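Below you'll find the structures, each written out as structure tokens.
Both complexes shown next keep subunit A, but they swap its partner, so subunit B is in the first and subunit C is in the second.
Moving on to the complex of A and B:
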């Protein structure tokens, strides 16, 4: 079931959480809402669920499968919602928590006790919690609680599954396992899902599409590859991983940053404008000799434990830089801290500032 | 030889704290109660039974237990609403409202008794409207119930407030997203979560009402067989220098309230076991 949102605004008193958001989630996809805290991602999720209502001057529209549901409340939207802190019912055991959504149905639509049992057992198998149906939430680990919350949301056969920071409260190891598990689960059940996260790695790894949000607006939307390799704005570039920033000017279609010169197609439009150059740590290469147009730097620290070798440099003008090299390249170079070297960007993104002073 | 600490703690050892607790409880609670039993024991069994089952005493037990129960139940209901309002909503004067809840704790009981009597008597502010309806508030069992409700309110509100504050609003959102209507959310999610605290508040209000004296005697009218509470009957006996008789009635009340409170505790224990998987 697809989701379409148009003109979604929401304010809490003076604070504007959402500013005219438009978004389409295709049927059967797993979409991540990614952004820093206060970017409006959780509010957007709650608006989709019907736990908050959109406001603003333009008429907000929320369509599920091309049906307008803006007027419907959370009970009748048929969404499953997994809360950040799980919101499990503490006085009910795992079985009763999962069965809750079935038991509160109107008498005519309520399944028989045997069917409820069967459905709960099926869900326990799906979330790999067989044998724990008699436990209470207080007797479960964080990851287990998370899966109970998911099973409870799935019990009502939602057409849309919404997850608020699903892995936020878990430790790093459990998080990794659980997000791969969630991806597999989604491939199995194929329900249109939206999850909120502030962790870019999580969003890029799990989602089919990533929606990057900032200050109540959508900055960029696309596949993980898209947003990572073609960031639409400085914000997206910055938010999706470490980045080195250089300041410079635009001259004749090129960005000039001290001794570095980089092509900039945008630069033709605004000659003389300020330019910002963003380079990912793994897009910086190191040369031992200055062959012209390179940036001189000194190695401060080398950290070679890990999948890549991380270097901390201090470029001319006391500017700190981060570089990541493969182990092969690092062994070729034979460099040590304190040595003077030269840096060249292999790939970079230039953002020209809109205004000139 | 090896010596193992049970658990490291900043407070002094287990022996010292247990010893202190036992001594304190003995001096403050058990010793006076034991005296009560020895006093009552100065009567022979048949004398004791005669005093304890005297029709005037039995009438007073019925009134005291009945009115205390009614008062505690009324508090459980209305205290719940007051606590809910105080925790869930913010409105001008909330702090003041919150402070007023404690007044029945702070006021001398005789003062509240006189105030209640003034309001509920035939020509009082409320009593004058009840009179034409055939309801006699002051100087009747109803008056006793009103006084016992008055003094018990803070117990229910104050025990429920922290439990309510801990109850996340997310739970209600979760129930709604699963399709529960408001009544189902209340009955299946909110109420069971608050029930242990409500029960504690109810037990405290009930226990307080059983022993109440000051605020009741003014509004009750103290007619033997009709509106005489047990505490008053004990005072009457004492004034007649019938110490053994007073002690006998006191023992009956003591045992009755102990059994009731024990029952409440058992209920609470059972509920906790059933709903949290813990004892």
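Moving on to the complex of A and C:
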């Protein structure tokens, strides 16, 4: 079931959490809402669920499968919601937690006891918690609670699954396992899912589409590849990983940053404007000799324990730079701390400051 | 310096470790003495006085119709006041713990008001409102309603004095538990009543029972506020505590202490029940804290 959102705004007192958000989630996809604290991602999720209502001047529209549900209350929207801290019913065991959604149905729609048992068993198998149905939430680990919360949400056969920071409260190791598991689970059940996260790695690894949010607005939306390789704004570039930033000016379609010169197609429109150059640490290469148009730097620190070699440099003008090299390239170069070297960007993104301001 | 005497200095007196022990036992002795003098001794005195003329005379005190009427009235008053305070207490605690609204802290303060004012004032409020010369007095007498010097006044005064017990017990518990579970129930399709009965109420059941025990003990034992509104009409508006006073003033000591022993027994039972329930409440709170712990590790992430 697809989700379409139009003109979604939401204020809490003076604070505007959402500013006119428009978003379409295609049927059967797993979408990540990614952003820092206060970017409005959790509020957006809660608006989709019906736990918050959108406000603002323009009429907000929330369409599930092209049907407007903006006026419908939480109970009738048929969504599954996994809360950040799971919100398991503490006085009920795992079985009763999962069965809850079926037991509270009106008598006419309520399945027979035997069917409820069968459905709960099925879900326990799906989330790999067989044998734990008698435990209480306080007797479970974080990862187990998380999976009970998921099973409980799936018990009512929701058309849409919403997850608020599903891995936020878990330690790093469990997190890794669980997010791969969630991806496999989604491939199995194919229910349209939206999850909120502040962790870019998580969003890029798990989701079909990533929606990057900032200050109540959507900054960019696209496949993980798309947002990572073609960031639409400085914010997205910054948020999706480490970057080195250079300041300079635009001259004749090129960005000039000290001794560095980089092509900038945007620059033709705004000659003389300020330009910012963003380069990912692995897009900086190192040369031992100056061949012109390079930036001189001194090596401060080398950290080679890990999948890449991380260098900390101090470029001319005391500007710190981060560079990542493959181990092969590092061995070729035979460099050590203190040595003077030259830096060249292999790939870079130039953002020209708007000249009209 | 303050630790155990060092090995090379065995000659020095171990005053550092002897003094705290003396302080400890001194404090314990003072506390026990105080308890004996002010709590155990009076309690023993009640039963000694009550049984002074033998067990037969003790039992005979309860055959007095006035005593039986007082017991019946006390049971009736607490049977009305306690359930109503459970309802009000739950409503107040629910509102304060689970919703945000203007004037919330004022409401929280108001709930404590009955604890802050003297019980006599609590009684006088009702005399001023519903007494013959009170605000609604003439209207009430025209319509033949009697509140002051009648059972409704006693119930009202008792409810006022005992109002905070249930609410105060539930508010911190409900606040600690938050409203996530209620929201989860709502998303899963539960209606308001189902959410309350299946989620909220079971989560606070021991805290509620604790409040009810304290509320009941106070409702049955309240003297000051009830004394003001009752009028001390024997057989009609006499509750157990008031009846004890009447008997005592009539130099009927055996009967006075016999009836008082009922209240003393109630206190002992309450104390026992309170201790048991307290353990369960602590578990409820600890569980709430344990289930919320990821929140504390993860603060500040939206």
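As a convention for this text, the second predicted complex is superposed on the first by the 354 of 357 C-alpha atoms of A that agree within 3 Å, B and C clash if a C-alpha of one lies under 4 Å from a C-alpha of the other, contacts with A are read in each partner's own complex, and residues count from 1 in each chain.
Please note the rule applied: a contact is a pair of C-beta atoms (placed from the backbone, for glycine too) under 8 Å apart; a residue touches a chain by one contact, two chains touch by 3 or more.
None of these values were measured; they are calculated from a predicted model.
Partners subunit B and subunit C, brought together by superposition on subunit A, clash. Shared-chain residue A:326: touches no atom of subunit B or subunit C. Shared-chain residue A:135: touches subunit B; no touch with subunit C.
In the superposed model, A:198 lies in contact with subunit C only, and not with subunit B. By the touch criterion defined above, A:223 reaches neither subunit B nor subunit C.
In the superposed model, A:259 lies in contact with neither subunit B nor subunit C.
In the superposition on chain A, A:93 contacts subunit B only, with no contact to subunit C. By the touch criterion defined above, A:74 reaches both subunit B and subunit C. In the superposition on chain A, A:304 contacts neither subunit B nor subunit C. Between subunit B and subunit C, the partner in contact with more residues of subunit A is C. Of the two partner chains placed by superposition, only subunit C is touched by A:42; subunit B is not.
Residue overlap on subunit A between its contacts with subunit B in one complex and with subunit C in the other: 49, 51, 74-75, 79-81, 83, 85, 87, 89-92, 100-101, 104-105, 138, 152-153, 155-156. Interface residues of subunit A, counted against subunit C in their complex, comprise 36-39, 41-42, 49, 51, 74-75, 79-81, 83-85, 87-92, 100-101, 104-105, 137-138, 142, 152-153, 155-156, 165, 168-170, 198. If you check the complex, the residues on subunit A that touch subunit B are 49, 51, 73-75, 79-81, 83, 85, 87, 89-93, 100-101, 103-105, 134-136, 138-139, 152-153, 155-156.
Considering their complex, residues 177, 180-181, 183-191, 194, 198-199, 202-203, 287-288, 290-292, 294-295, 297-298, 300-302 of subunit C touch subunit A.
Residue ranges on subunit B touching subunit A, taken from their complex, read 168, 170-171, 173-181, 184, 188-189, 192-193, 275-278.
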